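Labels run A, B, C, D and E following the written order; every chain starts at residue 1.
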Amino acid sequence: MDCIGVVDTTFARVDMGSEAIDELRSLAPDVVVKRITVPGIKNTIWGAKKLMKEGCTAILVVGWVGPSLTDKLSYLAMSLGLIELQIQYDVLILDATVHEDEATDEGELKLIAIDRARKHARNLVALLRGDLTEAAGRGLRQGRPDVGPII
Amino acid sequence: MDCIGVVDTTFARVDMGSEAIDELRSLAPDVVVKRITVPGIKNTIWGAKKLMKEGCTAILVVGWVGPSLTDKLSYLAMSLGLIELQIQYDVLILDATVHEDEATDEGELKLIAIDRARKHARNLVALLRGDLTEAAGRGLRQGRPDVGPII
Amino acid sequence: MDCIGVVDTTFARVDMGSEAIDELRSLAPDVVVKRITVPGIKNTIWGAKKLMKEGCTAILVVGWVGPSLTDKLSYLAMSLGLIELQIQYDVLILDATVHEDEATDEGELKLIAIDRARKHARNLVALLRGDLTEAAGRGLRQGRPDVGPII
Amino acid sequence: MDCIGVVDTTFARVDMGSEAIDELRSLAPDVVVKRITVPGIKNTIWGAKKLMKEGCTAILVVGWVGPSLTDKLSYLAMSLGLIELQIQYDVLILDATVHEDEATDEGELKLIAIDRARKHARNLVALLRGDLTEAAGRGLRQGRPDVGPII
Amino acid sequence: MDCIGVVDTTFARVDMGSEAIDELRSLAPDVVVKRITVPGIKNTIWGAKKLMKEGCTAILVVGWVGPSLTDKLSYLAMSLGLIELQIQYDVLILDATVHEDEATDEGELKLIAIDRARKHARNLVALLRGDLTEAAGRGLRQGRPDVGPII
């Protein structure tokens, strides 16, 4: 792979991009990582495509989503755009989004953001090197502790 | 057909992929089954396309969906992505998704997951061999007992 | 036109496909009608495209939609997929879907299903032969009695 | 421009198509206006494309939307389909939709429908002849009196 | 870049287009700015594409969204259309939309509109000249004061 791209936002309240890059560099030190920062989640499609044109064949999008219905619909728009990119260009895109209604406490939200960004960075590298079948159905979570399989 | 693909997730709390594969192998022992596991439902489009590029012309996606509005919108994004793949590439894709708000009891959720994965595996094979017209309008359900036609 | 396709589901609790076919044959006895049955509404896109590849240039989709938000979003996914097919392939697709929350009584639901399937079959034939301008703004309903224009 | 197309429905309870055509003919008497009537809003994409193939480069869609969530999602599907047509074919499409939950009184709904259809007909002609910059940010409304800019 | 396009609406109650243009001219005095005004947010896709065909490679859409569910779904349709344009044509599009339910007071709404239009104009120029990585994760807001990063 030529490079892994990271797309993050100025809207986010945690520097998820740096967390993701740190994790990627630790796991795959020989891979070039490129980063672009955009205003908000709906702009990540443009950012991802820009990095694709610069040679990235895998992208990690780390986004931050407000709590309102408008924000939820923006999240849907982002999700569909990133899926469309994957269908058209055969690039792998994982998105790690934090939603402000996931926690009432700012500190907890920060922990979710860091954990989610890093775990999805690991997922991205794992998918590029093979797949995740050994963890299939294991109730893994990003941002929270794994809930595990139903016994 | 060259192969049937199965896409499952690490988010799921039941190993739906293995259930589906077991059923497929039982029904169509001469067919190659390929599997890929991705983190969550929005990633199943990438997984499905990867298996298509490896020769699979039919795909079973077994996903697990959380209970929040965000999860519902992710489900919508996944559904639209899988439909787009079918339109563009003439591949048959069935998705068997379990939604955490379908049951309050974990044990029940597990039974739903197994039943749904296996029944949709049967549907997939049936569609590949012909169609399901003899069961048209019969109120069939996957994950639950059939409700039957309105008399 | 080479043929009219009918796509129905095993999820439906009324044999809407047979109702639609009966109506189509009565109205256009010289037209070939092809039918395919799929598990649920999200699979009707694949079914419709299959019939299109077999020569059908007009399709009637008769679907059945559950009452939950998940079901509503599946309905949206289906609707968008069928619209995409019409844009890309210039085929006419009408969909007659019954929603379980339309009535509390099973018997009423059955009457809705039959009426809707048959009336949309008539609409399909009317559109293929011309258009419906004489009924424009007349408050026509399928599944229920017409409400009529506002006087 | 070769022609302006008008797409309306039999579901509507007001003959919005005739209102729109009357307004278009009054404003642009030398332009050919073509009309097609379809059953409901989701079918307007097929109708619009049909008129485009007959040479229309601008389309006015006048639709009527029920009050339920299902109806709202149908409205979304229609909106996305009409946007897709505009992206792919560089045609201008305005849609004037009346939503039954906009008024509790039938008479009021009728006035909304007529006003909206006619005002959007004017908008269509204005856009074809130039643009609407002189009215930018003026709080214009169709179906209701203008609310005006915030002073 | 050949030009920056600004798309605004007559539905808006604040002349956000003029605010955006003033900001763009101040920041990038040597760039040609083209403007088109359309009736409402769903029409901004057509407007954006028109400006793209006239040579604009970056677009700022300033829209105004009502408070109802119908309005929210129109916002979603707009968002998806603008994303599709960016995927297909590699143009950068930022949208600055004001939602009427963001404030109960008209004066506050006006301040939001002006602030958001101007800040997104700055974002657009910043993205065209480089990126926004120095502000990544800083909790920036448009329309409101920045909330800042979680410490």
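By our rule, a residue touches a chain if its C-beta (ideal position, glycine included) is under 8 Å from a C-beta of that chain, and two chains touch if they have at least 3 such contacts.
A quick map from chain label to UniProt name: A, B, C, D, E = Riboflavin synthase.
Remember, predicted model here, so these are calculated numbers, not experimental data.
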Set of chains adjacent to chain D (Riboflavin synthase) and to chain E (Riboflavin synthase): none
Reaching chain E (Riboflavin synthase) from chain A (Riboflavin synthase) through chains that touch each other, fewest steps: 1
Topological distance between chain A (Riboflavin synthase) and chain D (Riboflavin synthase), in contact steps: 2
Classification of the chain C (Riboflavin synthase):chain D (Riboflavin synthase) interface as same or different, half of numbers criterion: different
Copy-to-copy rotation for chain B (Riboflavin synthase) and chain D (Riboflavin synthase) - C-alpha atoms, rounded to a multiple of 5°: 145
Centre-to-centre distance between chain C (Riboflavin synthase) and chain A (Riboflavin synthase) (centres being mean Cα positions), rounded to whole Å: 40
Inter-centroid spacing, chain C (Riboflavin synthase) versus chain B (Riboflavin synthase) (mean Cα positions, whole Å): 24
Residue numbers of chain A (Riboflavin synthase) (touch at least two other chains): 73, 76, 80, 84
In the complex, chain E (Riboflavin synthase) residues that touch chain A (Riboflavin synthase): 65, 72-73, 75-76, 79-80, 82-84, 86-87, 90, 92-95, 99, 120, 123, 127, 131-133, 135-142, 147-150
Touching residues (chain side chain D (Riboflavin synthase), partner chain C (Riboflavin synthase)) in the complex: 8-18, 35-39, 42-43, 45-46, 49, 53, 69-70, 73-74, 76-78, 80-81, 84-85, 88, 106-107, 109-110
